[in-house]
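Each structure below appears as structure tokens.
Below are two complexes that have chain A in common, paired first with chain B and then with chain C.
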Partner chain A sequence: MSFSITSEVTDGIAKLTLAGSLDSSSASQMQAEIQKVAEQAPTELVLYTKELSFMSSAGLRMLVFAKQKLGTAVQIYIVEPQAQIVDTLQMTGIIHSVHVVDTYPA
Partner chain B sequence: MAEYDLRIDYYPTHEHQGIKYRRGRVLPFGATMVPNGVNFSVYSSAARECSLVLFEKGEDQPFAEIPFPEEFRIGNVYSMMVFDLDFERLEYGYRMDGPFEPAQGHRFDKTKILSDPYAKAMGGRDVWMGPPNWDNIYPFRSRLVFEDFDWEDDRPLERPIEDLVVYEMHVRSFTMHPSSGTKHKGSFAGIREKIPYLKELGVSCVELLPIYEFDEWEHSKAHPETGDMLINYWGYSTVNFFSPKSGYASSGRFGMQVDELKTLIKDLHSNNIEVFLDVVFNHTAEGDHRGPTISFKGIDNKTYYMLTPEGYYFNFSGTGNTLNCNNPIVRNMVLDCLRYWASEYHIDGFRFDLAAILGRAQNGAPLNNPPLLESLAADPILAKCKLIAEAWDAGGLYQVGSFPAYGRWAEWNGKFRDGIRKYLKGDTGLVGEIAQCVQGSPWLYPTRGTTAGINFITCHDGFTLYDLFAYNEKHNHANGEDNNDGANDNESWNCGYEGETDDAYINALRHKQIKNALAILLVSQGVPMILMGDEMGRTQSGNNNTYCHDSAINWLDWGLQQKNADVYDFTKHMVAFRKAHPVLRNRNHFSHTDYKNTGYPDISFHGTSAWNPDWSEDSRLLAFMLDGHYAKNGDDYDDYIYVAMNMHWDTAYLQLPQLPEGMHWYVSANTDMPAGSDFYPVNNEPELQDQNFILGSRAVIILVGRLPVAAEPAAAPKVKKTRTVKTKTKN
Partner chain C sequence: MSTETQLFEASVDALEPIRDFVTEKSIAAGADNKKNYMLCLAIDEIATNIMRYGYPRAGISDGVINVSITTGNGSLTVVLEDSAMPFNPLEQSVPTEEDMSKPLEERPIGGLGIMLAKQSVDEYKYEFIGNKNRNIFIINI
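What follows is the complex of A and B.
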């Protein structure tokens, strides 16, 4: 399934909406969006993932990249992830670095 | 412009079937991600031609096959840089052409696609027992991995080895049982869910049975009578040395086994638990001349395997072939591999399966100065890693006590296991040997100290601790070999009935014997190792060779934690007791002298009367006392500890050694007592009112001697007596 991503930064909150499959072929798109929103030094990063069906190892790395690029003080919220995405985050320990929420703001 | 665009050596110069590539870098071996591409490098001393075969993940046929131009070969190394590949979707292999001359050691077969000996991940067995495609032209496929795991501030823990309590476990068996309560059963993630349990038990190191990629389907068959599937469950048969077992990862089907394993290691480290790997470098999954060609056999058979003069395979491993570990090429591969696991996975130590093989020359003869063992001992990256040898092999080379150690290597102390087992079942003539065992086997390791020995009574190979006291004979019928497999010299005793029984006396005796074993193991100098499940009385129903069972025979039944709560609680206590008492964890051997002028030697031996051990042939009782002033070889302070072990069927009346003035004996453990009074928490031990003690039959007591204020450590020497005592130890 193809990947799509949109982004906006409002009041210091960076919001990315992801859909499709985030893997090695699409990770560069997300990396570009993270770099783009990083220029505005957001205080929080919110990922809307309801329509994101798969996150590969390369996709996981984008979360780590975001943490490193934006700084560890910037909280990352993953909103409405599908069960498989949550599983992946759990099995690889990334879940400790992000907040999985049903809505944002919670 | 990105930095890599400034370089001229990352641009393609060649094109084949639309794939762009150029001359590669010869080092490192394997497949390495570079800007816009992947560098491939592989060694073969006798291939005439080599090509790189590229697959889209899971596809039957390759999407490209690129011959290495002759000018891409430097020496015996073929290298190539290929561009615009999808790192996550790529599977690659090599096709080698060369002579098929078995008598000369060559077995090239250009019809085969070969996996990369340096591959960092393998496809083909992504999901545990996933049905293979037996017609697959390339069943074990090399893959790429990201080497950028976010370790944060983690690194190997580098805990002193004498402070460890090792817990030997099988990844799948630990959480596969329905009773485990884990979400990700049978996987690395499942172990991670059980870290709180490991913390509660108190172990400080987990030793994982093989996690290198192996083929669970290897030699699989149905049991001839029961029809049960028998498989390569333990995994002592490596397909690739650099790749973690995908089927052990819940995320293996997504290719995330590397991340999942690293996450487990990182979390174990954050809980102060080290990780050892049981590594199998003595042979591979390719078997003998009848076995499959997966990688080494087709890339450079003569280099990778020990061969007879006729070109057949030496079989010092008992599994068909023997890796040619002291060939310089193979030696470097082993070294590269261990460096990789130590640096990329933060592994704390390695236990080498059938390690005596690593000391054999290319013709199989034992070497006096094996270069591989010396290289590993002196390696700068492995400098803080624990190196542990299973110091024997299937070819009859037994090196416990004589393994070439280079000041670094420790050994599984098989003689500790055998001696303690015999003593526990009541054999005579053993108290001298037991005196050696509890001291860290100075007779075996006179110059290497106590940490040369990994003490164990049970391991994956053989009876569980419960079965050691429930079976006189092995019961391996489930293995499908008419009970002919597995060891016959188990030194076990069924306590009066073979197998399960409702006899309360026998069951109580079995529990007591388990506690006796754990008590002796955990008060002995050296490094103790506990087999997974022994802390809760796990049984394999008398099977002492369960290598082939993916079933409840091997899976840990967590219900046993409740059923045998007394055993679990006692184990937990003994681990805590060891942790609380540094005098049990000396690095150097005792001197048997009073070199700190405390009035007592560092260790003294006793019998039914104090200071008079009975070393006679018929004796089954031995006691010893440790003076806490000699904790950590005199660098720390501790209580006095007195341990008496009576393996006679009669009770014994003990006269205890006199403590320094003002000190009293307190009862830490007494295996003769029923649950609830068989041990007391550290620093909450009841005071012993008498200077004498009636020790039950087949029982162990542990006393601590200290001043009445429990929390107060043994003070600096209060010398009342200045005698120098030299005790004698029977050898």
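What follows is the complex of A and C.
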């Protein structure tokens, strides 16, 4: 499924909604959205991923990029990821650096 | 045993068509969604390396990846074959336990894909035969 992403920043919280497949062909779209929201210096980054069906290491690199771009104090929330995406976060240890949640705000 | 083969351009635009081809065959062969997903992830990581580094470093701009899928005897085997520079992913370093426990912003990002490729299938092998790289992924069904 092709990738789509939308973003908004409200009250200092950047919200990105992702759908489809996040791989090396689509990661640049996510990078562009992260750069866009970074201009507003958000304090939290929330990724809505219920409709995200696939994520390769190109997507993981975007999480690293987000931390570097937005600052290490910015917490990353991943909302409703599919089980296999959680598996990937676990296999790479990245799950310890993000918050996987069912809803945001909790 | 039956084998089906398709040729894809070595461009990241082909990643999704490759996943579609693999998914169609693996689900038909009885793989569940999780097995299929992890197989697609492993293939995606290695195919991306071939597209992004293998062919460009060989100075080849119109490279292709031959994808063949063999099913039977309780397993499914996917072979990616390319004519880029010899590159054995199994000889590349992958993140260590120490790397994995670092804060996200301090983590080395190299090697993550190869680590995922190796961990996501029941068996992963590499061969260089007849001037071609052969990356072989096997899942038990």
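The rule is short, and it goes like this: the second predicted complex is superposed on the first by the 106 of 106 C-alpha atoms of A that agree within 3 Å, B and C clash if a C-alpha of one lies under 4 Å from a C-alpha of the other, contacts with A are read in each partner's own complex, and residues count from 1 in each chain.
The rule is simple: contacts are C-beta pairs under 8 Å (C-beta built on N, C-alpha and C of every residue); 3 or more make two chains touch, one makes a residue touch a chain.
Here the structure is a predicted model, which means the values were calculated and not measured.
Engineer: Between chain B (first) and chain C (second), which does A:98 come into contact with in this model arrangement: first, second, both, or neither?
Structural biologist: second
Engineer: Quick one: is A:57 in contact with chain B, with chain C, with both, or with neither? Answer first, second, both or neither.
Structural biologist: both
Engineer: Between chain B (first) and chain C (second), which does A:22 come into contact with in this model arrangement: first, second, both, or neither?
Structural biologist: The answer is neither, since A:22 touches no partner chain.
Engineer: May I ask you to decide whether A:45 touches chain B, chain C, both, or neither, giving the answer as first, second, both or neither?
Structural biologist: So A:45 meets neither chain B nor chain C here.
Engineer: Identify the partner contact of A:2: answer first if only chain B is touched, second if only chain C is, both if each is, neither if none is.
Structural biologist: Touch status of A:2: second partner only.
Engineer: Residues of chain A touched: more by chain B or chain C?
Structural biologist: C
Engineer: I'd like to know which partner A:90 touches here: chain B for first, chain C for second, both or neither.
Structural biologist: A:90: touches chain B, not chain C.
Engineer: Chain A residues touched by both chain B and chain C?
Structural biologist: On chain A, the overlap between the chain B and chain C contacts is residues 23-25, 54, 56-58, 60-61, 64, 67-68, 87-88, 91-93, 97.
Engineer: Write out the stretch or stretches of chain A touching chain C in their complex.
Structural biologist: Listed in rising order, the residues are 1-2, 21, 23-25, 54, 56-58, 60-61, 63-64, 67-68, 72, 76, 83-84, 87-88, 91-94, 96-98.
Engineer: Show which residues of chain A lie in contact with chain B when the two form their complex.
Structural biologist: Checking each residue of chain A against chain B gives 23-25, 54, 56-58, 60-61, 64, 67-68, 87-88, 90-93, 97.
Engineer: In the complex, go through chain C and note every residue touching chain A.
Structural biologist: So the residues of chain C in touch with chain A come to 12-13, 15-16, 19, 33-34, 37-38, 40-41, 44-45, 48, 51-52, 95, 100-101, 103-105, 107, 109, 112-113, 115-116, 119-120.
Engineer: Under the definition above, what is the set of chain B residues touching chain A in their complex?
Structural biologist: Interface residues on the chain B side: 86-89, 145-146, 148, 150, 183-184, 187-189, 192, 249-251, 254-256, 258-260, 263, 266-267.
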